[in-house]
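The first chain written gets the first letter, and so on, giving A, B, C and D; residue counts start at 1 in each chain.
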Amino acid sequence: MKIIKDSVHDHIQVDGVARDLLDTPELQRLRNVSQLGTVSLVYPSANHTRFEHSLGVYHLACEALEHLSVEGTRAERVRAAALLHDVGHGPFSHNLESLTHRRTGRYHDDVHELLTDGAVGDVLRDNDLEPAAVADLIAGEGRFGQLVSGELDVDRMDYLVRDAHHTGVPYGTIDHGRLVRELTFADGELVLAEGNVQTAESLLVARALMNPTVYSHGVARISKAMLRRAGERLLEAATTDIDAETLQRMDDHDLIVALRSCESTTEFSRRLDHRDLFKRAVWAEIDDVPGGVIEASHETIREFEREIADRADVDPTQVILDVPSRPSMTESTTRVMVNGDVRQLGQQSPLVEALRAAQYSQWRLGVYTPSALRDRLGRAAVDVLGLDIDGALVSEVRNGLDATLDQFVE
Amino acid sequence: MKIIKDSVHDHIQVDGVARDLLDTPELQRLRNVSQLGTVSLVYPSANHTRFEHSLGVYHLACEALEHLSVEGTRAERVRAAALLHDVGHGPFSHNLESLTHRRTGRYHDDVHELLTDGAVGDVLRDNDLEPAAVADLIAGEGRFGQLVSGELDVDRMDYLVRDAHHTGVPYGTIDHGRLVRELTFADGELVLAEGNVQTAESLLVARALMNPTVYSHGVARISKAMLRRAGERLLEAATTDIDAETLQRMDDHDLIVALRSCESTTEFSRRLDHRDLFKRAVWAEIDDVPGGVIEASHETIREFEREIADRADVDPTQVILDVPSRPSMTESTTRVMVNGDVRQLGQQSPLVEALRAAQYSQWRLGVYTPSALRDRLGRAAVDVLGLDIDGALVSEVRNGLDATLDQFVE
Amino acid sequence: MKIIKDSVHDHIQVDGVARDLLDTPELQRLRNVSQLGTVSLVYPSANHTRFEHSLGVYHLACEALEHLSVEGTRAERVRAAALLHDVGHGPFSHNLESLTHRRTGRYHDDVHELLTDGAVGDVLRDNDLEPAAVADLIAGEGRFGQLVSGELDVDRMDYLVRDAHHTGVPYGTIDHGRLVRELTFADGELVLAEGNVQTAESLLVARALMNPTVYSHGVARISKAMLRRAGERLLEAATTDIDAETLQRMDDHDLIVALRSCESTTEFSRRLDHRDLFKRAVWAEIDDVPGGVIEASHETIREFEREIADRADVDPTQVILDVPSRPSMTESTTRVMVNGDVRQLGQQSPLVEALRAAQYSQWRLGVYTPSALRDRLGRAAVDVLGLDIDGALVSEVRNGLDATLDQFVE
Amino acid sequence: MKIIKDSVHDHIQVDGVARDLLDTPELQRLRNVSQLGTVSLVYPSANHTRFEHSLGVYHLACEALEHLSVEGTRAERVRAAALLHDVGHGPFSHNLESLTHRRTGRYHDDVHELLTDGAVGDVLRDNDLEPAAVADLIAGEGRFGQLVSGELDVDRMDYLVRDAHHTGVPYGTIDHGRLVRELTFADGELVLAEGNVQTAESLLVARALMNPTVYSHGVARISKAMLRRAGERLLEAATTDIDAETLQRMDDHDLIVALRSCESTTEFSRRLDHRDLFKRAVWAEIDDVPGGVIEASHETIREFEREIADRADVDPTQVILDVPSRPSMTESTTRVMVNGDVRQLGQQSPLVEALRAAQYSQWRLGVYTPSALRDRLGRAAVDVLGLDIDGALVSEVRNGLDATLDQFVE
């Protein structure tokens, strides 16, 4: 048994298979993968890692299993999955995930291979756990998969509280102690027990407020887009032989030094290192963006960028077009007991629809470029993308936003 | 200058007129008025008082004024109002307010008399402040009245954080540091500066989640109704000569001992002291309650109680009918800057409407009685009030609710 | 089972005999007994009660027993003792203890009678626990008595953290999670396991810093002395028939109202209510005070007061002589494992001796009186008590101290 | 003006020269220098950086200056020094400082060159501040140098609280709000005002408890020694041309990747990456170690290592001898006002001497090696170093210690 001191959950007791997994290189590597990637450029104290988060998720899983009275191999399997649920993350966690996914076809929670091979596979088998079964849980499959990856998973409970602790933004401070106590199973599905509509809503609201304030903060989005672009150039560089698989297994240190060393990424790397970031040339609401742009493939987006650069007569490396996918809200299917029936939160709570609408209204397409090029590029982008806004407004609104950003930001 | 250590804001520096006001009996009395009344029967660590809350409100007012660059007499007046804003509270704060209001015509924020007479009036005049002007601010009047009592007042910012700290329920943990920094004036109205839609929403959401979980928790409502009824019987008792004015100037100690001593309230007093509370015989949603009941006057409600008692053949002192007023949400008029315009939050944020709907769906009429009488009384109440629910359902739902309550309660 | 939300330990799960004890009037009464008495006149947010503290001690006892693998009746007995350990407290906790002890011969931890009679006795017996055995644990007797009342008891672990939470003074923030995990038994004695010399020291240091800053803060001592004197006058008053036994069973509300009502205590009562306190006329170090004064009986002290009043020609009710007992430090016998041996902390840690010396140097005799009488009274007290300081110095030092006090105080 | 959200001090307002300094590469680099180096191998959430700490120190300096009523250029200079005080740190902060100091003759607080050249020099001069004057403050020189680097500096106040927040170890939770308020000048020296002996003691005690628990935790020491050895081998490697100056200007990313890439450090690098650390072969108290060993130069220590390896017949790369310097306690000269006089804390408080003795008793010489070689190496080291302990005891005590370490560690 090992007892680990954590800044969020205080003492975390690590037993059984988890104790052995702790010493694997796969898990130790997560010490060097930042939880929130470039968010630390906005909130300087947000330097926490996937390692401590994994311990936290494991801890909450143990508590939830205890309250659910689940024991034996089934419980041990869930605990292993909780601890391992993020070993598939590449450097800077989600920041480069779309990039590597395009080339490897794998998201971070597809870990069948990782869990079968190497030290992790050995440890699991030595503890009589089937790697594939653990990987299934991480993919959210099966009755207990919902606890590891689902609307009511312990992953979310940990990261909201942890991200609040480290950024200083209080919105994520949910009542995780109550959540894990109130989980129960009804008809094979994980639900919150009677009397917890507000508990479920609070989880939803916490995410909805953390999203624009932290995870999708304007400056975090710009720097993430720059990092992603730098990663793409690194993979395409003739002078290196780094492929997506290799990139995916790097940690933050490897990637940062690779970007500093590779000629075609030094400029991005310098900008990220010195926090000399691109600025917004365009920041457009969803209703002002043609459907074709929102649904565009990665190749089409790159094509748009070249056209915009062309029209504005600037170097194409100076343009980043950042189009988020359409808003979705998975928590709407969270199940709660209400007067003895299982109900979906979306049916029960008017908040779900409102938060969905809020998310929709917060969606923004961004075009980023060095400060000096903003005006030229803004007008070009409006034309090329067919945005339903006039150029003058673009820069006016933008300046207001930047003034704001410049204040509550680092 | 005095520096006071506070569990929420750490060090509070008290200067000028506030320093002198601190020593008045009117302010010192607030040490003996609990902030949340009977909520401590649900959350046992919620024993904080109106005194520490008043200091916190004063502290946030000082910060807000500094960020707004308001100085001189105008600022001093606001600071005095912030510190004094709760001197009008009777024992157990809001718990008995409807009772005393019916007889005195005054709510707790009507303090013109209190601020003119006695030590407070002397201190204000000695500091060249007009008592009436300070009382106006407390009533929310004028440009700066909004800061003391309005949608964006520092009162709310303090109590949400303080109540969270003392109950242990995290939902109230707002970012008050950001709120006071982002206040500004536009067209003479207090607004939140650009980029703060989420900041405004977070304030709204915090209240919306604290409400059912803390302020209107079922057991808090029952005990509050019992205390109110006891207070009413005290005023009506032939053996005492306590009138509403006297009651209003009591503190918690006085009232509790008075209830223990007066023959017609000893039973309620024993029940409150021993936490041997009435239970819910009926707990009905707003759509199941005839409009006439919702709008009924206090006299009509007392009449209903007697009828219910009659029909169930129990002593009328064993029945309490608790009908909250219709839900309202004042924060919907909170003003925020959006793209250079002042907008009402209700226009800007879909959350406002959703929270209003949630509030509506949480509204409940309650009929309370000793445990043994619940079944008889529940049926009688359904009949007398013309509720649109069937008697069997009443007790079934109720039992589910009580099981829940019994768990997350003390 | 009941789950109670606590501001310090979050969720506290109450089972078994504890669940039944919770509903007894004896335990519910602790809701109305403040944990720190008059300390709230210095730290206004310190309004926590013996009830929440009792729950906290119960919670830590449960955790310690789990780590010690103690189960069954033996564990249930300890849990009952932990929850009940403070039911013997009178109003304002320790503040009046010396007063009632002189007349009843009982301290607050002598609860054999209280636990045998009434509802508590019934609950204990219904749960097959012998009241006398539980009372013995509360008195610190037997192997497990050390856990409830000893150098390493859970009482101390809870109050240090709780008092820090509510006063805002961080010194009490110990690592209670580690302490309860590291308790073990060696040769029938409770000890801290290997590697915990610092853990033990931290407990000691926390008390040593909380003592002068919180528990024995000058203003807390003055107001406590005034309350004690008021209590004494109440017992002596011809117009009431309150005896020490009755006083001991009161709660804070009863006592405060009794003091307000009784003619011979209204003046003290008004001063305490309005925080219009006596000031220090003398504040003397231990080396300047004759041994005879330090060891004086209560009667002799009252005699000294009358002599001082006489010599200064003031009313004897205006003089309070406050002589603390000689410093002691029980924690020095805390046992820790060092290199496989059980050692007393006093042997192992040079801190113990230093803290004892610090305590000695912080000891002060105080003479308190209304502000206007300080000079006359100070000189008289120096003469009557034979203090080894000169009168001029007295007032000089005192003024410096008061300036300080006036700053970091409320 | 910029407002930055910090997890410790909430909002930090950055103005004037500090606003400009923030954008320099020298300051931004500190984002990639961990505050506690290898301590994160013991406390996994301790991933905070020198950047956020620098902001915190700047913030406390601003507060202290305000309370001291210092304004104008003098204040601006101190604020610049506070923000810049750590720009001289190499990768992993103090971990490699002895290594680079031996070769460059500079400690991290010798920043005259760094502050004169480059962007920082430009910003300082543009703001009419003399770089040399700012560097002097960082070196602790002059009246205000004490505030930046001295017994009562804001550096310490920030790091204690911050390290507590991030490790989860509460001992560092000092009352920094009170400390900065109570600073004053007497006879040109920074002192704590009257009534703050405990405040001063609390600072001392916080360090004394954090030291063995965090900063010098056994596993932190082992991993730091391994990192230092790896750094030394990197500088000596024929295959790289990294010199001490270059190493000193690296950040954590550069160093880690350099260690992974250089053939002669890959083994250490793998061990650190996988947390597969050396273990203690010897752990000796100061009284058992000959003075010659304690005072030995770096070369002599390397010589001892080779002799030990020789005698045990193992490869010399498998032995690390770790000899801390003799304990010292600078805080003993902290000045506090007592009864109107300035006194050194060492004179006033018996705690100082006790903490010095505790420090002395905690001193340990360590010999580290892979697990399998411990017994052989332990015996050899005892012989070579002439330690006054017998071989059997060595391994016995060691095993006890490891059991402990294995528990409260990660």
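We take it that contacts are C-beta pairs under 8 Å (C-beta built on N, C-alpha and C of every residue); 3 or more make two chains touch, one makes a residue touch a chain.
Keep in mind that what you see is a predicted model, and the values were worked out from it rather than measured.
Centroid distances from chain C, each centroid being the mean of CA atoms, peak for A.
The chain pair with more C-beta contacts between its two chains, of A-D and B-D, is A-D.
Chain D has its Cα centroid 51 Å from the Cα centroid of chain B.
For this pair, chain C with chain D, the centres built from the Cα atoms lie 40 Å apart.
Taking the mean of the C-alpha atoms as each chain's centre, chain A and chain D sit 34 Å apart. Looking at chain C, one finds that residues 3, 10, 169, 178, 407-408 touch two or more other chains. On chain B, the positions that touch chain C within their shared complex are 1-8, 10, 14, 22-23, 25, 28-29, 31-32, 40, 43-49, 51-52, 55, 165-169, 252-254, 256-257, 260, 273-276, 406-410. Looking at the complex, you find that chain A touches chain C at residues 3, 10-11, 177-178, 181. Contact residues on chain C toward chain D in their complex (touch as defined above): 169-171, 173-175, 178, 193-195, 198, 201-202, 205, 209, 212-213, 339-340, 349-351, 353-355, 357-358, 361, 396-397, 400-401, 403-405, 407-408.
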